[in-house]
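Shared between the two complexes below is subunit A, which pairs with subunit B and subunit C, respectively.
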Partner chain A sequence: MSEQNNGVLPRGVTQQEFNAAVEKFRALLGNENVLVEQQQLVPYNKIMMSVENAAHAPSAAVTATTVEQVQGVVKICNEHRIPIWTISTGRNFGYGSAAPGQRGQVILDLKKMNRIIKVDPEMCYALVEPGVTYGQLYDYIQENNLPVMLSFSAPSAIAGPVGNTMDRGVGYTPYGEHFMMQCGMEVVLANGDVYRTGMGGVKGSNTWQIFKWGYGPTLDGMFTQSNYGICTKMGFWLMPKPPVFKPFEIIFENEEDIVEIVEVLRPLRIRGIIPNSAVIANILWEAGSGNVRRSDYITEPGHTPDEIQKQIQKDTGMGAWNLYAALYGTQEQVDVNWKIIVDEFKKLGKGRIVTQEEAGDTQPFKYRAELMSGVPNLQEFGLYNWRGGGGSMWFAPVSEARGSECRKQAAMAKRVLHKYGLDYVAEFIVAPRDMHHVIDVLYDRTNEEETQRADACFAELLDEFEKEGYAVYRVNTRFQERVAQSYGKAKRDLEHAIKRAVDPNNILAPGRSGIDLDTYKS
Partner chain B sequence: MKSRSRMLPGRAALGAAVVLPLALMFGAGAQAAQWENGQELYDNLCGKCHKPEVGVGVPIQGRGLPFEYVKAIVRNGFRAMPAFPEAYIDDESLAQVTEYIASLPAHQPKQK
Partner chain C sequence: MSMDRRFVLKGMALGSLAGLTLGGALPALGAAHGSPRSSAARPALVLVNQGAEQSAFVQGARATGAAVQVRQIGGDLTDLLSLQSQLGSGRKMRLIGLLDDASAALVVDMARSAGARVEWLGQHTARGGVTRHRLLNTASAEGCARQLGRQLHGCGAGFELTEERLGSAAPARQLSAAPRNQRHADQWAAGIGYLLGSLGAGRPTAAPLIAQAGAPLDGSFVSFSIET
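What follows is the complex of A and B.
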């Protein structure tokens, strides 16, 4: 039987206590599902954040395949005060990947719980386990010729709906606000109870994935971005596959155009003329995802000068801003809405419209069209080649869908990033009223000095945005405590009161979103 | 389109029988961890970045990469390439994909 050889223990746990827990894990799960050797744990320690791997090294990883096993794991953790960090597919790149939030936490890997429990093509929903990937679900829908469509984030082929939705991730279709489309969760609580949200507690109910609210308090949201339970099943709604899908791009030449783009776009989104989570990608996002590399243009360190960005625009035909959206429905519906959109942008007098027929198979149009129609790909990972070196952290402040606000945030972010010699690589994901202003803080993680700069840069981005009343909607595990502070004391006090009530031994992912009974002082 | 082995009908809904009487309506309800074969793993995962026509990861086909090398990169990750634990890709599947990519023609870069 293998021995632990990585010298890492959970916070406050002795080797003897840890060993006793490991023995119980082995009895529960089998030796092959309890990983304690360094070489077995290495894959769980690969991060993209601006901190040493050691800060997020697990002491062990266990894999469960059933709800009963998850209950058993929780019981053992309570007995020995072992903190666990649960992952579904572990593909939360740029937010912490598969690594634990705190050094020494035991990974509970649910990748092997990968059953697609149900897909109902008439009521248009799915019910899945945590290890199911979007790619797996896509194949299932294709193989069975089901008339439904998925919505997912860019790492679609290899990430999964449970993890993405629990982290309140977004996609690019009309169902792109994923948590809004979630309906029914099964959650293993720290005391071992199995709790089903919404209608899930009603014996014989067939509306668990139909009606979200159930009766009394609705608690689904409490389990997202939190550490109050372990989601072991999740339902979510699927969009009916439309007879006609019409993706398009509108290319804008100047950085300042963002104000007018947003002012034209917002009414179209609020009125539902453009139904999907459209995106407005800047030149460097567009270039990176289109397989352009920084080294093709410049080898000097530091940020990429504006004149180089203009040269990329000239060489590639990409815009300073690139709006991607799509229409869905019958031909008549699409035709009507298309005319409205074309007229609106014609009135603006700016923007070059590109249709799928004109774009053909060129990137990044092709992968954008796929993401907007629920076809998985990994093309956006091209961003990581822009600067190279494997460093990436998402800085994602929420913005009003107002042109002046978007311009203000873009200018602020660019200024701070350039101060640290890094690039503003950004897209706005467009909801009717808000924007997820998603900025990929890309840096060379093989360069220690650059990694330290990226770390300081990210901290300053948080500070500077906070001063203006902005905060991020999601963050990597390196900065989760810092971001929790932005949201205020009353919220944190309540979150810890709930934590004391539902997980008094603090075994479930301590530190998640800044919730940690051992360290929080009111 | 081929089926993935982990999609095949398998074990009944675990601990969910009360609320999931229609769970197997479309033959779903499978649980398995293995990839069907090397081609399936390449087409659905590795190739999403590494196929020459994608251009995100370096081409790996037709290079005769040894299993131990492939395994080391997959388990450790490399720069931006993510690491994959055994729960995601088991050793046997890695061996199959190593054999499969070796059987494919090498990528011939276009002359500039």
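What follows is the complex of A and C.
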């Protein structure tokens, strides 16, 4: 039996204490589920952040297969003060990947808890364990010919609903705000209790995945982006598969068009004419996800000049902004809404509409249409080849769905990124009232100087946006403490008071969203 | 709170090639085909991008004398899902590769899901005749980075190399050299193919020189060695 030999320990834990915990993990989970060897831990440490891997090196990873085992893990962690970082499918690329938030934390990888417990095609919901991937669910739905469809993040085929929803991720269908569609969670608490939210505590209830609120305080939200519990089951609603699905793209030539695009789009979204989380992708996002590489055009370091971006537009037919949306329903419903949309954009006098018939199998239209109709793919990973070098951190400020605001944020982000020689690779994900302004800060991790620049750039983006009253909705683990500060002291005090009450030994993911009893000073 | 990067950097040995004992002259050009390493190099599936079946990396891997099967990864990333099922099939597999960033990010994470072991993970950039390498290694790849550095220096290629050993208390190793000539621009890829092909088969040795075919490799790549 191999000893833990990788030289990494959790904060404040001695080797002896750690070894004792590892022995108990082995007794509980079996040797094959306790990973301590370097080779086993390397794949948990492919971070893409602007910091040494060492800062996020795990001391071990354990895999559990049952709720009872998760309870057992928590018990051992309490006994030995071992901090654990839980992942479900672990595909949190650009937000910290599968690595722990802090060096030395033990990863609790729930990939083996991968049962699809129930899919109800009439009530249109699913109940799954954390290791279930969207790809797995998609296959299940196809094999059983069920009349429902999924909403997922772009790494759809390999990511999963529990992890994505716990990090409040988004998708591209009318059910794209995933936490809004979540209904009923089972959570293992730090004291080992198993708590079910909503109707889940009622004996014999058949409405756990039907009615979100239950009775009294509704606590689901407090388990997301936090460290108050380990989710072991999650329910979420599924959209009925529509008889007609009509994806489309509208291509805009100029960067300034963003103002009018958003002004036309917002009322269409609020009125439900466009029902899905539409996307407005800029030229570099479009190019990257459409297999264009920066080096096809320019090899000089620094940001990609506007003339080059224009040249890419010219060569590829892509727009400065590319709006993707879709209609769902019966033919009659789709026809009525399609006419409204076409009329609105005609009135604007800008924008070239592209339908699926016109786009055929071309990328990126194809993968966008798939994402909007619940068909998994991996095409968007092409972004990683835009600049190359393995560095990627999402900067994702929330914006009002107002044209002037989007223009302001886009200009600010571009200015800061260019100052640091990096590209503005961005999309707006359009909810009725807000936008997730998602920017992929891409850089070369083989270049130490560029890595430091990316780090400084990310910090400045946070600072500059904060000055204007903006903050991100989610962030990578390198910057989680910094972002927590943007949200204010009262919130942080309350979060730590809750943490003291539910996890006094600080064993669950210390540091997650800046919540850490060992370091926080009110 | 995540560990401050300065803390980590402070501990680094800012080494240079001056500190390396350089080995003898490199084997003659073309030796890749003439004298394969008659070693215990194990069979491997070699993953490379479309059109790279004769690449320097593959030549390096073949030069180990091991049986290698080359699989080219095409432009459709969704095709990689078939690899996921292979990795998860429970069959013993050894995979080495040099791929673009997007494909490699997927392959390495699929390896994690499958519970595979990763002995070597390298991030590489080749641009304008200079290469940069950032390696995350394990004890089983001990000596490989040093060997690679020695070899790159021997070829006259300019390079920067940083090696982190996962969790090791030893400081990260940094090596660098200015370019002296461009004659063997792709030798870095051959060297990595050779090192990965022969991982676990004794002390790492220098790859034979490969013939530079066409324009030098340019861009960003990820190398890995995975075992199920």
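Everything that follows uses one rule, which is that the second predicted complex is superposed on the first by the 522 of 522 C-alpha atoms of A that agree within 3 Å, B and C clash if a C-alpha of one lies under 4 Å from a C-alpha of the other, contacts with A are read in each partner's own complex, and residues count from 1 in each chain.
Please note the rule applied: a residue touches a chain if its C-beta (ideal position, glycine included) is under 8 Å from a C-beta of that chain, and two chains touch if they have at least 3 such contacts.
The structure displayed is predicted, hence computed values, not measured ones.
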Fit or clash - subunit C, subunit B, common subunit A: clash
Contacts of A:N291 with subunit B and subunit C, given as first, second, both or neither: both
Subunit B versus subunit C as contact partner of A:D335, first or second or both or neither: neither
Which superposed partner A:D463 touches (first subunit B, second subunit C, both, neither): neither
Partner chain in contact with A:E449 - subunit B first, subunit C second, else both or neither: neither
First, second, both or neither for A:S205, with subunit B first and subunit C second: first
Subunit B versus subunit C as contact partner of A:D139, first or second or both or neither: first
First, second, both or neither for A:D343, with subunit B first and subunit C second: neither
Which superposed partner A:I158 touches (first subunit B, second subunit C, both, neither): both
Partner chain in contact with A:G388 - subunit B first, subunit C second, else both or neither: both
When the two complexes are fitted on chain A, the stretch of subunit C hitting subunit B, from 4-12, 22-30, 40-48 or 148-156: 40-48
Subunit B/subunit C common contact set on subunit A: 35, 39-40, 42-46, 63, 89-91, 93, 97-98, 111, 135, 157-158, 291, 376-379, 381-382, 384-385, 388-390, 445-446
Residues on subunit A engaged by subunit B in the complex (per definition of touch): 35, 39-40, 42-46, 48, 61, 63, 65-68, 89-91, 93, 97-98, 109, 111-121, 127, 129, 131, 135-136, 139-140, 142-144, 146, 157-158, 186, 194, 196, 200, 203-206, 208, 233, 291, 376-379, 381-382, 384-385, 388-390, 392, 445-446
Touching residues on subunit C, where the partner in the complex is subunit A: 1-5, 8-9, 75-78, 80-81, 84, 100-103, 105-106, 108-113, 115-119, 121, 123-125, 127-128, 132-134, 136, 138-140, 160, 162, 164-169, 172, 218-222, 227
Sites on subunit B touched by subunit A in the complex: 1, 3-4, 6-7, 10-11, 13-16, 18-20, 22-23, 25-33, 44-45, 48-49, 54-57, 75-88
Subunit A to subunit C touching residues, read off their complex: 5-8, 32, 35, 37-46, 50-57, 59, 63, 89-91, 93, 97-98, 101-103, 111, 135, 157-158, 291, 293, 295, 299, 376-379, 381-385, 387-390, 444-448, 452, 455, 477-478, 480-481, 511, 516, 519
